[in-house]
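In what comes next, chain A is part of two complexes: it sits with chain B in the first one and with chain C in the second one.
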Partner chain A sequence: MLDWRWDFTLDILPRLLVATGNTLLAAGLGYAIAIVLGLVLALAQRTPSRAFTMIVREMVEFIRSTPLVLQIFFVFYVAPQFGIRLSPWTAGMIAIGLHYAAYLSEVYRGGLDSVPKGQWEAATSLNLSTARTYFRVIIPQAMPPSLAGMGNYLVGILKDTPMLSVIGVAELMHTANAIGSETYRFLEPYTMVGVIFLALSLPTAAAIRLFEAWLRRKLGMI
Partner chain B sequence: MRENDLTGYPPKLEGPDRPMVRFANVTKSYGSLTVLDSLDLDVAEGEMVTIIGPSGSGKTTVLRMLMTLETINGGVIYVDGDPLTHMPQGDRLVPANRRHVRQIRSKIGMCFQQFNLFPHMTALENCMEGPVHVLGMPKKDAQERAEELLAMVGMADKRDQHPSRLSGGQQQRVAIARALAMRPKVMLFDEVTSALDPEVIGEVTNVIRKLVSEHNLTMLMVTHQMGFARDISDRICFFYGGRIEEQGTPDELFNHPQKERTQQFLRAVKEAV
Partner chain C sequence: MSYLEFLSQYGDRILSGTLVTIVLTILSALLAMAIALAAGLMRMSRNFFVRAGATVYIEIFRGTSLLVQLYWIFFVLPLFGITLEKFTAGFVAVGMNLGAYGAELVRGAILSVPKGQWEAAQAINMTPTKRMLRIILPQALLIMLPSWGNLLIELLKGTALVALIAVADLMFQVKQINGTTFMSAESFGTALVIYYILARFMITPFMRWLERFMQRKLGRA
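Take a look at the complex of A and B:
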């Protein structure tokens, strides 16, 4: 039978909960970077310059087509060769933020494309500037259709934070590994990591669905 | 193309008789398909000109070029004396930059077949967006003006509604108010009743009738409502195959059409009703 010890589980729980804070911080920071940078990448593909669009497209494809864990290693271990010394947190946030920015830029692209052409024409007929057209007319309408995809990637980035353990970011997985190697007990820490992730992911997904419905109502687009 | 051959075009139209809108030898084509073929058309200040014709005759393209939603392949468009598609450089014309286009374009307003209201803004916000953020009007003044215009189109009580809560006729009336809020000198109506249920067409055409009788706006309209066009237009242009086949007063064109294609078109329209 399984050798599950409740007293041990209770013992390690405080340490795991502290690490959960780091996991949330890593996911939150990474996602914040990805949300902004993703929009930049999406808008950068809509300039009149064909060449520039191609370069950004290829960059996005490159990031999406290589493993995240490789990108994390790369930023952390290769950047110092160019004289850039980064802490595990900084390197981790750059790598995961950039990786998810590439994914989110595709979500935004779909959202932006879904705004009817007539909206652009109305903005032109009112003589709105390009920036104003994007930020007041197009992006608000591109948001609701983008939210489902954005939500998927929020849960995705949360579940990908354990990859940061490879460069020593003290998030959940890293802490569970540490507990395991100190005590030679792996069942309880890994199980608890799974339970905690489940407890984080499920409400997040539900909250996103509620937010999406709320936003559509708020924007008057039911 | 003749894009570079702009020697014959004046950099500015002057004199008291200058038209509000002039299409000078304007050509528009998509690849090998010529949509408009050397169009010459003047619209005087305060004049209401309606464009009719079979689909594919280029009539909507005329309005879209004037709103700069389409580029042109040849010729020059003038608005209120200034070139719209080009700008003067010394004593010749060169293709206009964005800034010049924006400056001249501010004299033109447009209403669309599909209304194209901003769905995430209320009726009032739709009418304030341009005045506040393009014209730089103080919010309070812009709101007053927007409320006046919404009242004029009979939509004062719906000012806080989003477009999704409004009927097609109501949306189109808000769209007219939104365009007028920018104080254009030229208004373009592109099949503004085509997407409407028959019973609400009247509420939109009545607003346009009111504009014609009470304001000195220059208007260009594309419509399939022949009776409406006949009532309110100063001049009707019948387009066929990218050219003006025939034009004249409503009486001349509807009652005494000279060209056979005009007669055919009018017969076909009459039979459809």
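Take a look at the complex of A and C:
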């Protein structure tokens, strides 16, 4: 029956906390890639070429509707077939970054569409180039409405990092698995992983809700 | 080995894996819907303890990863004397996880049914149960159907994780095939395409159809 051992829990806690650092790093790096790449994917759907838009759209749909864990395997094992050797970290960051870029591109798309048409006309009448219009006029205005959705995916990416353990990234889940197979005790490591995730994601989600409310007031959207 | 040879040699296993994935998806979807409805209604209860119970459940399952929950249910629950067979553990974990997300959809949809509907039902002396079943839930269902479409795709993707506890689903099969043939692009690529087809050409059209069906039923078409 159940025997929770506090001494064992304290023994493994330092290892788990180090791994938590890696989890946060993985989520942060992946999110940074997703923020930039997501914007690229969103802008790529706004070119005059309809065919190009459709191809990008379908690509985004493809990434969004296939399992992340399979994409991680795909990147990690297929790249070497083409002579590119990727470390688990690199492959993992590419896969998770791309996956969330697809999600974020949908968020940005909504934000970009919400910028009034008059802004475009004003920019045209000032003779601004398209690139300048995007970076100085449109994107700054598209960001605030996108922030709420972006926050949700920040929590999402944090909770998806355990999947990186399948290719050997030494994050929280991977460390818990290692402890489990060394000591044959699964109760404490897996439970602690759950507790650490709760401790990370609940405050983050709460902070995002507060930020969202603050933003609404700030933008006069109450 | 060409791709056609690959398919003819391993097609059977990929197909059986796909079937397992489909069955898993259907079972965990049914579980998720039942949990979502129960937890969503409990969240709106007047009783503090009922409400707190649902909130704790939802926050725990939404606050941790599906993979963590899956491992916990499969490796730790037996220590409490509850041993689930790996297939059962798989669909229970996926169903409970997505059920927590669905609960919020149910609650949101019920709250967004116009207030007049509640009042009208009360005015004609309906009991609370009957009002919920005959008036509120059908309209809430229509409101939340589009979100459920997305949730079901998340659920399909979630089932891929059960391969990690050795349930022989599509993900598991292609991982095994990759292990023996080293044809990673072919094996993982095929699986990606199959998941995509399941999501985009089966789940999405089915949900669209269901939405239109419900609209007709409620006379909103």
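What we mean here is this: the second predicted complex is superposed on the first by the 206 of 222 C-alpha atoms of A that agree within 3 Å, B and C clash if a C-alpha of one lies under 4 Å from a C-alpha of the other, contacts with A are read in each partner's own complex, and residues count from 1 in each chain.
To be clear about the criterion, a contact is a pair of C-beta atoms (placed from the backbone, for glycine too) under 8 Å apart; a residue touches a chain by one contact, two chains touch by 3 or more.
Nothing here was measured: the structure is a model prediction, and the numbers come from that model.
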Clash or fit, chain B versus chain C on superposed chain A: fit
Residue contacts with chain A in the superposition, chain B compared against chain C: C
Chain B versus chain C as contact partner of A:L2, first or second or both or neither: second
First, second, both or neither for A:D160, with chain B first and chain C second: second
Touched partner set for A:V78, first chain B, second chain C, both or neither: second
Touched partner set for A:G110, first chain B, second chain C, both or neither: neither
Which of chain B and chain C A:L219 touches, first, second, both or neither: first
Contacts of A:A122 with chain B and chain C, given as first, second, both or neither: first
Which superposed partner A:G21 touches (first chain B, second chain C, both, neither): neither
Minimal inter-chain CA distance - chain C and chain B, angstrom: 30
On chain A, the residue positions that both chain B and chain C contact, one per complex: none
Residues of chain A touching chain B in the complex: 116, 118-119, 121-122, 124-129, 132, 136-137, 140-141, 219-222
Touching residues (chain side chain A, partner chain C) in the complex: 1-2, 61-62, 64-71, 73-74, 77-78, 80-81, 159-163, 165-166, 173, 176-177, 180, 186-187, 190-191, 193-194, 197-198, 201-202, 205
Residue numbers on chain C that touch chain A, as the complex places them: 59-60, 63-69, 71-72, 75-76, 79-81, 153, 156-161, 163-164, 171, 174-175, 178, 184-185, 188-189, 191-192, 195-196, 199-200
Complex interface listing, chain B residues touching chain A: 67-69, 102, 105-106, 108-110, 112, 114, 116-122, 129-130, 133-134, 162-165, 178-179, 182
